[in-house]
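Here come two complexes built around chain A, the first alongside chain B, the second alongside chain C.
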Partner chain A sequence: MNLSNLGYGLVLLGLLCAAFAAIVGITTGMMRKESALPLVQKAIYGFAASMLGANLVMVYALLSHDFSVKYVAQVGSLSTPTIFTIVSLWSALEGSILFWGAIMGAYIFAFAWTYRKEHGRYMQLSLGVMAAVATFFAFLIAGPANPWTHIANPLADGPGPNPLLQNHVLMIIHPPMLYLGYVGMTIPFGIAAGALLRGELGDAWLVPLRKWTLVPWIFLSVGIILGSWWAYAVLGWGGYWAWDPVENASFMPWLTATAFMHSTMVLEKKKSLKLWTIALALASFILTIVGTFMTRSGVFNSVHSFTQSDIGPTFLVFIGVLLVFSTLLLAVRGHMLVAESQLGSIVSREGSILLNNLVFAAITFVVLLGTLYPLITEGLLHKKITVGEPYFNQMALPLSLATLFLMGVGPMLPWGVADPKVIQRQAIIPGAVGLLVAGVCFAFGFRGWMPLTVFGLSGFVVVVTLRELFLPAQQRMTEQKEKMFTAIFVSASRARRRFGGYVVHLGIVAIMVAVAASSAYKIHNTGTLKLGESMKIGEYSVRFDGLDRGKEPHREWIAAKLTLTSPGGEETVHHGSSAPRMNFYERSNDPIGSPSVTEMIVRDVYVSLLSYDVKANTASFNMWIFPMVGWIWYAIPLLVLGTLIALWPQRKQKPVPATAPVAEVVPGAP
Partner chain B sequence: MIALVLSLVLAQGYAPLRQGQDPLDSVREQRVQAVGKKLRCAVCQGVSIADSPASMARAQLDKVRELVAEGKNDQEIFDYFVERYGEWALMEPKKSGITLGLWLAPVLVLVLGVLLIISSTKKPAAPVAAATEEPADDYLAKVRADLEK
Partner chain C sequence: MKPETRNRLIALGAILVAGSALAWIAFGNIGENLVYYWKPSEMVAQGQKAYGATVRLGGVVVPGSVLFNTEHTALTFQVADSHKGDAVKVTVKSEQTPPQMFREGIGVVVEGAFSADQVFRTNRLMVNHSNEYRAPTDGGMPDEAWKNSLTKAE
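Presenting the complex of A and B:
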């Protein structure tokens, strides 16, 4: 039996299991026959196992260079280093969808297993909906994007994976992170759709909904940031974010999921915004599918669309089905999710969260509109237009400032109705610190209303956030005489989500400051240097020490050796792998540059090689200094830490005494 | 074939088409970069000619440099590119014609959203009556209650 047949067989098995779980789960769920649950669970486990198996077979085929498997013939090469051979599992369309299937299997398995004995009233429906999504992907792998086709007379070697993907170690982690974010949104979609199909949304079902949105959210966050880091470190144009359609595609579900995370607090506290929150969960998932469609169908050309094929129409149909299904569900079942209480005034915690949701919805709308507008004008009016970075920047800037402002104001406000005097008292210190920060920055020569507003607001937000984080601990220290660390630990573990959320806020503030500083105060220089010549970039100086060339199994490269002199006169030599290079891959005609990036806490010095002349011994460079840009990626640990704190499982509650009424069963829901 | 081209490139040098225009003085060069930021690179899609390392974009940026050196103002340079490549060449859509919707629709969404929020929240009530309704910070109150046990 050859690997093609084995792999394809496993995919078919997965397809069968998923389809079975979907049909049985949804039908028995609708009929409320909870006895069928074990059957659905077993089918889910079967799907997960066969998808995992199929992926292992593909990895084995790649590692053993079995060029009779179509996908291996497409991306494999004897000269590719082993690590990139494994990575090539997701370096082209078919493989990435297969990998997608494995992640889907892992997620659904984890979800089904975690709650195998809980939430019986929703479980079949939710698992059924998730399995329906899984069925779609298994169908893609089995049909339109089949990587397993057997090649009767295979060649002895293949072309190797896309060179862009072999250029940097970040390419090994960035795509899986994004996939984990994208695929994971299937779970909250299933949970929300299950609740809608059932026609009720109890408090108990909210807990998994929240947690299982947070999991893909953090992967999406990390994936997006790593992607921007990769673009910055590899593409050589000195930027990290270009509002490219594919970047936008990953940003939109992040925005709606973030909005969800906030509106869910109003839902819990005020039993209001149910419909909106559920709609956000549905939208986050649909946007991931829209995003996948954008990346994979080739309607947009971008650096990321290295995996194009004709699966576009299949995806369009799926998106259509999802939209109709979700809209119908919301329309038919929506009235069952009515608010149980009135919201307070706009100057309150819930008011600020409503505004936060509006701002996030508006950013999502801007990104969606800007991304789709060129398609619409071209399709309907045959007029080609561009919606580029300047548009998105202008629209996103005021909205981002609004989120920053709300991040400071929201936590200060109480639920319900606020007492203006209390708010005034609370706002004095953070407000003063904010003004002070902006003033000090101005005194040190920083100009421009945008960065100064960001710095000032950030100071304000940081003070508010730190106060919220540590005030409870301080109370414990004074009243309980606890030591500082004990007090922080105990107060944090008493309110994990709150504590974790504020830690994440600090990370977001760091990112905003970094974006503002690096875009407002960057310094650029470009020019051609002869051997031994130097040029200035800000207070730094760069000397060209000659060309260097080398050969690796999968590429050849030319590097320009540099010596960087800091303002203090300290010299750093960039001769080896840290010199800016051009890499030549056999597969592509244009070279792929790797810039030389000297990362420091307060600034990066970024040099990229534009062209060179061996005879004249000259080289042309593009150089930048980016203040604080690294803080965008340094914020990742804060985001992860905050999320982990929020997700950390609460110790199981002590069993309820037998006399307490059992609250779970509420029969007769319409 | 590709291998042959490759060895040639490696031995002699890689220079994009028409590369070699030295930057102008820093004031005018800043203008070149700013104008370049607003013009679209024809081969890379989605990236401006100031940002793209592609040879075509470098050549176009040289053209901008040339026009700036000739004393053309920003609008004239944009017109030059629009005349040749259509409105597609502009990174920032115009605030008129069919692209006006891009600029207005988000504002409309915001206004509608704010109206919706105002209508669904209470009018600010008299603070004295409200203050007793709920403690200013329920979490702190909980901590205090915890400690009193």
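Presenting the complex of A and C:
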């Protein structure tokens, strides 16, 4: 048996298992026959195992360079380094959908296994809905995006994966992160759809819904940031975000999922915003599918659309089905989602969260409109246009400032009714610090209302957040006479979600400051240098020390050796791998640049090689100084830390107090 | 009317007003920030309407038209619809160093604006990328000779 047959067989087995789980789960769930659940669970385990198996077979085929498998013939090459050979599993459409299947299997398995004993009655329906989504992807792998086609007379070598993907180590982790974010949204979708189908909309399913949204949320966050880092470090155009449709595609579900994480608090505390919260959970999932469609169907001619294929129509049908299904669910069950209590004043925690949700919805609308507008005009008017970056920047700027402001105001306000005097007293110190930060920045020569507003608001938010983080600990230190670390640890573990959420807020503030500073105060210079000549970039000076060249198994390169002189006169030599270079891959006609990025805490010096002339020994450069840009990626640990704190399982302590509403099912389980 | 119902109506009204305001601003803003994909002939056919609009002009660099002054990084060349002799040509000026791939005869996309003096000014020059793998046709990679001339010439 050859690898093609083995792999395809496993995919078919996975398709069968998923379809079986979907049909049995949904039909028996609707008939309320809970006895069928073990059958559904087993089929799901079967799906997960066969998807994992199929991926292992593909990795083996790639590593053993079995060019009789179509996908290996498409992306494999004997000269590609082993690590990039493994990575080429997701370097083109068919492989990435196969990899998608493995992640889907892992997620559904993890969910089904976690709640195999304690679960709500909607579990069967939820698993059924998830299995239905899995069926769609298994169908894609088996049909329109089949990587397994057997090639009777294989060539001795292949072209290797797309050079852009081989050019940087970030490409090894960025796509899996993004996929983990995208695919994971299937779980909250399944939970919500299952509970809606079942028509039992108590509280029990909200905890798993929230937790299983937070998991893909953090992967999506990290995936988006790593993607922008990759664009910055590889593409060499001197930026990290261009409002490219593919970037927007990952940003929109992040926006709705973030809004969900906030509105779910109002739902738990105030039994309000039910319909809205559920709609956000459904929308986050649908937007990930829309995003995959945008990325993978090639409807946009963007830099990422190197994986065009004929899966587009299949995806469009799936999106249509999802939209109809979700709308029907909400329409039929809408009466069960009426708020049990009224939202009070707008000046309250719930009021600020409501405003935050409206702002997030507005940003999503703006991005969606700007992304789809070219498709609509091209489809209806046959005019080929695109929406310029200024639209996105101008629209997103005031809305982002609003979120920053709310990030400071919200945590300060109490639930319910706020006492104006208390709020005023609480706002004095953070407000003063915010003004001070803006003033100091102004005094040090920073100008422009946008960055100064961001810096000032950030100071305000950081003070509010730190106070919320450490005030409980301080109280414990004075009242219980605890040591500082014990007090912080105990107070954090008593309120994990709150503590984790505020840590995440600090990360987001760092990103906003970095974006504001690096876009408002960047310095650009370009020019051609002869051997030994220097040019200025801000207070730095760059000297060209000649061209260098080299050959690796999978590429050749030309580098421009540089010496960077800092304002203090300190010289850094960039002659080796840190010199900006152009890489020539066998497969690509165009050279792929690698800019030289000198990272520092407060600024990056970014030099990209534009062109060179070997005979005249000259080279042309594009250079930038980006203040604080690194803080965007340095924020990743904060985001991850905060999420881990929020997700850390609560130890089972006291039984639920008798005053708590009696849940229909086992508490704390779906 | 119960106060609850009244509050809901007020909230709903507020959201509707805010939503339509947002939609109005967004649509207005989008209209000002459109970027048109035009060939030289399409752009010239627009007449005065094309002046000042942000355009991504796509075409081929007319052989023999490239003038590059490295001292002042002033680049001038012509872009045409195609290699045919009678194709519409537009003069393009840039103050950027052209990328390595740039040469006469190659497909380019330049982003900028056309003005009444019939010059297209750009600060963004992109060589038509083709990262799709093309099978070797006549014994070698396309442009292999060109790549060699760059990497091996001494």
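Here, the second predicted complex is superposed on the first by the 651 of 670 C-alpha atoms of A that agree within 3 Å, B and C clash if a C-alpha of one lies under 4 Å from a C-alpha of the other, contacts with A are read in each partner's own complex, and residues count from 1 in each chain.
Going forward, contacts are C-beta pairs under 8 Å (C-beta built on N, C-alpha and C of every residue); 3 or more make two chains touch, one makes a residue touch a chain.
The model shown is predicted, which means the values in this text are computed figures rather than measured ones.
Undergrad: Identify whether chain B and chain C fit side by side or clash on chain A in the overlaid structures.
TA: Superposition result for chain B and chain C: clash.
Undergrad: Could you say whether A:G239 touches chain B, chain C, both of them, or neither, answering first, second, both or neither?
TA: In the superposition, A:G239 touches chain B alone.
Undergrad: Go through the superposed model and pick first if A:M177 touches only chain B, second if only chain C, both, or neither.
TA: Once the two structures are laid over each other on A, A:M177 reaches no partner at all.
Undergrad: By the touch definition at the top of the document, which applies to A:G388: first (chain B), second (chain C), both, or neither?
TA: So A:G388 meets both chain B and chain C here.
Undergrad: Contacts for A:H524 in the overlay, against chain B (first) and chain C (second): which applies, first, second, both or neither?
TA: In the superposition, A:H524 contacts chain B only.
Undergrad: For A:R494, is the partner it touches chain B (first), chain C (second), both, or none of the two (neither)?
TA: It touches chain B, and chain C stays clear.
Undergrad: Check the residue A:I286 against both partner chains and state whether it touches chain B (first), chain C (second), both, or neither.
TA: Neither: A:I286 stays clear of chain B and chain C.
Undergrad: Would you sort A:V629 into first (chain B), second (chain C), both or neither based on which partner it touches?
TA: Neither partner.
Undergrad: Given the touch rule stated above, what does A:L406 touch, chain B (first), chain C (second), both, or neither?
TA: neither
Undergrad: After lining up the shared chain so the two structures overlap, which partner does A:W415 touch, if you call chain B first and chain C second: first, second, both or neither?
TA: first
Undergrad: More residues of chain A are touched by which partner: chain B or chain C?
TA: B
Undergrad: On chain A, which stretch or stretches are contacted by chain B in one complex as well as by chain C in the other?
TA: Comparing the two interfaces on chain A, one with chain B and one with chain C, the shared residues are 342-343, 358, 362, 365-366, 369-370, 373, 383-391, 394-395, 526-528, 549, 556, 558, 582, 584, 586-587, 589-591, 610-612, 614-615, 620, 622.
Undergrad: Quick check on the complex: what are the chain B residues that touch chain A?
TA: So the residues of chain B touching chain A come out as 2-3, 5-6, 9-16, 19-20, 22-23, 29, 33, 37-38, 40, 44-48, 51-55, 58, 86-93, 98-99, 101-102, 105-106, 109-110, 113-114, 117-118, 120-125, 127, 130-131, 133-140, 143-144, 146-147.
Undergrad: In their complex, what parts of chain C are in touch with chain A?
TA: 4, 7, 11, 15, 18, 22-23, 25-27, 29-30, 32-37, 54, 56, 70, 73, 96-102, 127, 129-134, 141-143, 147, 150-151, 153-154
Undergrad: What does chain A use to touch chain C in their complex?
TA: 159, 162-164, 306, 342-343, 358, 362, 365-366, 369-370, 373, 383-391, 394-395, 526-528, 549, 556, 558, 582, 584, 586-591, 609-612, 614-615, 618, 620-622
Undergrad: Touching residues of chain A toward chain B in the complex: what are they?
TA: Listed in rising order, the residues are 235-239, 242-245, 300-303, 342-348, 350-351, 354-355, 358, 361-362, 365-366, 369-370, 373, 377, 381, 383-391, 394-395, 414-422, 471-472, 475-476, 479-480, 491, 494-495, 498, 524-528, 549, 556, 558, 582, 584, 586-587, 589-591, 593, 608, 610-616, 620, 622.
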